[in-house]
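By written order: A, B, C and D. Residues from 1 in each chain.
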């Protein structure tokens, strides 16, 4: 009972949605619970989740980062170029592994650099994040276009592709847990901890709550902004590496809908674009809910055109639910107090 | 009942995007096949062009265990790995506009892309009287089919018509984005940037009408020879008004039906050979090169013929 | 008796199950000035917002001009001739002075079309009434708190109202402006307009009121005409016990100054300012609006670094480039506007109390545990004598006095050597005020150097050992509080001749 | 005084328009030709009309993510409806088409307003969701296929061919100011008048400045919200119908993904993201500036693969100039 009271409303609400969706889907389409499908859903959450995490942290600071997918693709493309030039048919396994590790480092560095550029423009010039990242979204994608002229980089080492497709704990029919999901979970858990349990995380959320107060609290707001966007860039870079491994290629325009999906996921998880509110750890539940919905609709052969609109309905539905629950809660509390007030006589004598 | 091209199976159609005229028409071919074979066919796909969404769709399809996926990839390089996993699970994969794909059973092409490019180049060259300069558009710089047609056009023009220049010189084609509004703006801009142009080619059926509109507005109907890929219904007005001189097309429904038949062949274990007849217009005498199965027909329609076609 | 403009019968109000008003009965008659007094959080503002239709009420009945309203809206209340100067002013910082002032009139007259020339006329007339000059085209965002308050007042009095409710209208005003406001109030009264006046400055209350209603914990405990009101018992009614504010004993300390500033200037803000504060000393800086006090304080805290002159802390010359350096040097700053500068309103008590020292609260893994936030919060609740609330309660749920204590507490947690307090008791009730004063004096006694910026002469004299008066961006008077009387200090502040 | 004008956002946008005009003109003299300028104006029609609605919502304190889908929904359903009517032999005048499209837009806008006022959903989230919902409803119940020029209502095609002050160009064709430019100017003007000279318009500024204060001084937030979103929807309906007419094709996906490009133009035009501030003149200049840049890159010889890069850089440039100017303005007000 105490534990239930500790969990916040949003978590409970999302958990209920997840369970209902899962049960309904499993009931209508038994294949929904097949190990192949579970595996496929885990894979998909592993990739889309990273971008949701990026948006979640910038949202909490009352910002937005529209450039994440451009950063991811740029990272993929630069790694692709490195693979193409550094490796050939006769490269030894050790060489390949070395270059891959190098690329991971370079990739994350590039992601951080891109994040730094966003932070620079936002912190130093005070330009609104939505404008800055809209511009850098174009710039980073533009650099990718200039490098590739719109073509894909395809010389991705086999071992990276295999790694991205590997899983652990596979038993018999069950394919286990994809490495990609584990990687996502690791990043997701660490960022949840960073945001909700470390000094930086508190500063980040306070920045979203009221940056003027932070200013008077002698908190280095610029540093908070830099760190936030660098973190977002780094996570996006990991996303880019994963995409490269998963698709064996990198291209400037992969994942055109990824940012929109990420926004949706965050909002459903109760992370407000107005800053300072929401819990990163609720993301996993909203990712699951949206995944169940998307895969379920595919299985039910529901037209993708309606599917998109149902996301909108789900969002509105969950927010209206919350509104009604809160209203009811307050009404009940007030009624209770009224009763007790009526029963106890006035404590003060009138003069 | 022993026809290798007719099998009862579950086939998913995965177009670049759902909803557009082209792929809606293509899906009608699947409907026809359903009627012939009793197969269950359905369409899924993203509502906007996005390779990431495509990959997710392939995963979902494999997870629910369909027999065959007939895919028109948005970005061939980026779906190949995912298709490999599908095949590893025993799913048949047939592609269209995906000659470079490795992980497929067959790729179906309405024709040889290079030959198609040559054909278009000749239409342009003749229309322009062997001189002038051309602007070449592509739907997106990443589209394999568009790029190979465009490249083939440039090669042919340079080889056969020495007096025709390519206006967008740097060898980078102008991207119209598979979006009518955007292509209209791009076309207007290009017409001003290259006022010397007397020939235009557009491979993106979505963008063909709005480019014609831009030509009409600029008053260049008679100066410019405009050759483009399009659906007859979509471009009829402009073909009749002369803004679009020649429309090159094939019926997407035929491609859809032929894809289903290849899927059936793959299921029955029949190996498609050069000379086979798929029983679909344009695919009566296919050429097979590796996994690529090519038809040989495209229609060249001008104002005289356009009214004979309704799709 | 004159007409009953407002009548409340057993009104109740609750916020999420917390009872804020309990069975309140209150009437307001035409042509009277009713003062509503009570400590912070006693429910004054809430009561006002019920009358003005901002909040719905849960039990009882509300009559405006004799008509019963079960769920009044602000528009209905305005239509019944009720105008409010809200505690937070409720002005629009994105609009100009003229539009802000004329807005209510336009709404009340049900205008559909805006006549900008008429807006100007209304605004300049209203400002003329209180004898204030202001750029009508200036955007409110560029104005000071006091100027915003003046705009709010002008807006209310430019209306044909039957009742004007003023929720702490004098917090940011100078004595001169307050006098002017009182004249206006008397004029309105003469026209038969009723006023509800809320203030924590008790001498103001007796100066202007006809009737006093005391509210304590949401209940009206006394409601008497001012002549019958036992003046010495007001504080007792408000808080249920007596308090005495003892005068500050000047205790000149022999030690070297904790902070010494020498000839510091910043262009357009202040010039050639010198003073020093020793440990245990409390220095008050006062002066009229725009005299440069706030800017000086901001410079000491590193927000606007000085351009010339020197600052010494414990004898060592220092450069204060930004807030973080100031913090490292042991300087704390309590900002002017606690709503927008002091507190993360939607964050918890635990968050706010730890918001300056968060980096020191992490354990060796760099993690901040809830238990640490909780114990930190409880420590300061105890220490500052606040009402007990869970550390997860949002800051917005506290009343003004308690909010100010949170701001104080979060800085005390840094154990500062020098504490600069800008208006520490603005809008704080007598009890909280004396408690905050006690805290400040206690801090000084422990060896802290305190600088208070204040308008409240009583506060200055009872808390500080030295006082500086500023005007036109420089110091015009400097002296010991022991050597100067209330009147003399007031005269210094209001003196208009340069130097 | 001069300093105040110089530091006005409108002045800045105008200077940047001139600056880019000169640079582009040097790079390619065609840019300065009358034909190109007339074309540029025509290209600005769609974003400029949409921008009016976007501005109103921004001033009220929210970011609208649904206006393009509202525009498409209204325009597409209207042209579909009247193409069917036309197939049955009735020709409908263009005014009727515009009115119907605007009506549908206003209707959809009122749904946004319901979500925002009744359920207190933040505007960004409410419109993000409603955009999806509108899209789904349109695809499912109205259609998802192209409407081709030959099916389009006759009056829309006629409208798209109508020129004012036309004169023959060198090539012998008629060039001139497209009639839709007048519609855009009218939309901008009416928006300006409504926002500046009606109490309803002022209530939007009040709402964006401080919602609870707006309520306290006696504005009805429900009414103001309804006005904001119906107005935004109505304008979107107008913009959609005109845009579709101009390209003579109704492709339901056409507007997709440009929400933020239009919003960026509005913000560059000086509208404050957090609400309460914005002027129509500024917005018009912002739209002109962004379109001037994005529509002429090929013309000035920027290779296609550099498009996005250059466009991004220019947005950054424009906003940096603004940020610097904003600081200067603040300093001026502080009397420094």
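Here is the rule we use: a contact is a pair of C-beta atoms (placed from the backbone, for glycine too) under 8 Å apart; a residue touches a chain by one contact, two chains touch by 3 or more.
Note that the coordinates shown come from a computational prediction; the quantities given were computed from them, not determined experimentally.
When the interfaces C-D and A-C are ranked by how many C-beta pairs touch across them, A-C comes first.
Inter-chain centre distance (chain A to chain C, centres taken as mean C-alpha positions): 43 Å.
Spacing of chain A relative to chain D, judged by their CA centroids, is 31 angstrom. Inter-chain centre distance (chain B to chain C, centres taken as mean C-alpha positions): 72 Å.
Residue numbers of chain D whose C-beta contacts span two or more other chains: 135, 139, 144, 257, 305.
Across the assembly, chain B contributes residues 18-19, 47-48, 141, 172, 175 that each touch 2 or more other chains. Among the residues of chain A, those touching two or more other chains are numbered 145, 149-150, 256, 303, 305, 308.
Applying the touch definition to every pair of chains gives A-B, A-C, A-D, B-D, C-D. Contact residues on chain B toward chain A in their complex (touch as defined above): 18-19, 42, 44-53, 55-57, 59-65, 75, 77-82, 85, 89, 140-142, 172, 175.
Looking at the complex, you find that chain A touches chain C at residues 193, 197-199, 202-203, 205-206, 209-210, 212-220, 276-277, 330, 333-334, 336-338, 341, 346-348, 350-351.
Of all residues in chain C, those touching chain A in their complex are 12, 14, 16-19, 22-23, 58-59, 216, 219-224, 303, 323-324, 326-327, 333, 335, 340-347, 351, 354-356, 358-359, 361-362, 366-369, 410.
Contacts from chain A toward chain B in the complex involve residues 29, 31, 34, 36-37, 39-41, 43-44, 47, 145, 149-152, 154, 161, 165, 243, 246-249, 251-258, 294-295, 298-299, 301, 303-305, 308. The residues of chain D lying in touch with chain B in their complex are 28, 30, 35-36, 39, 43, 46, 135, 139, 144-146, 148-150, 169, 171-175, 243, 247-249, 251-257, 295-299, 301, 303-305.
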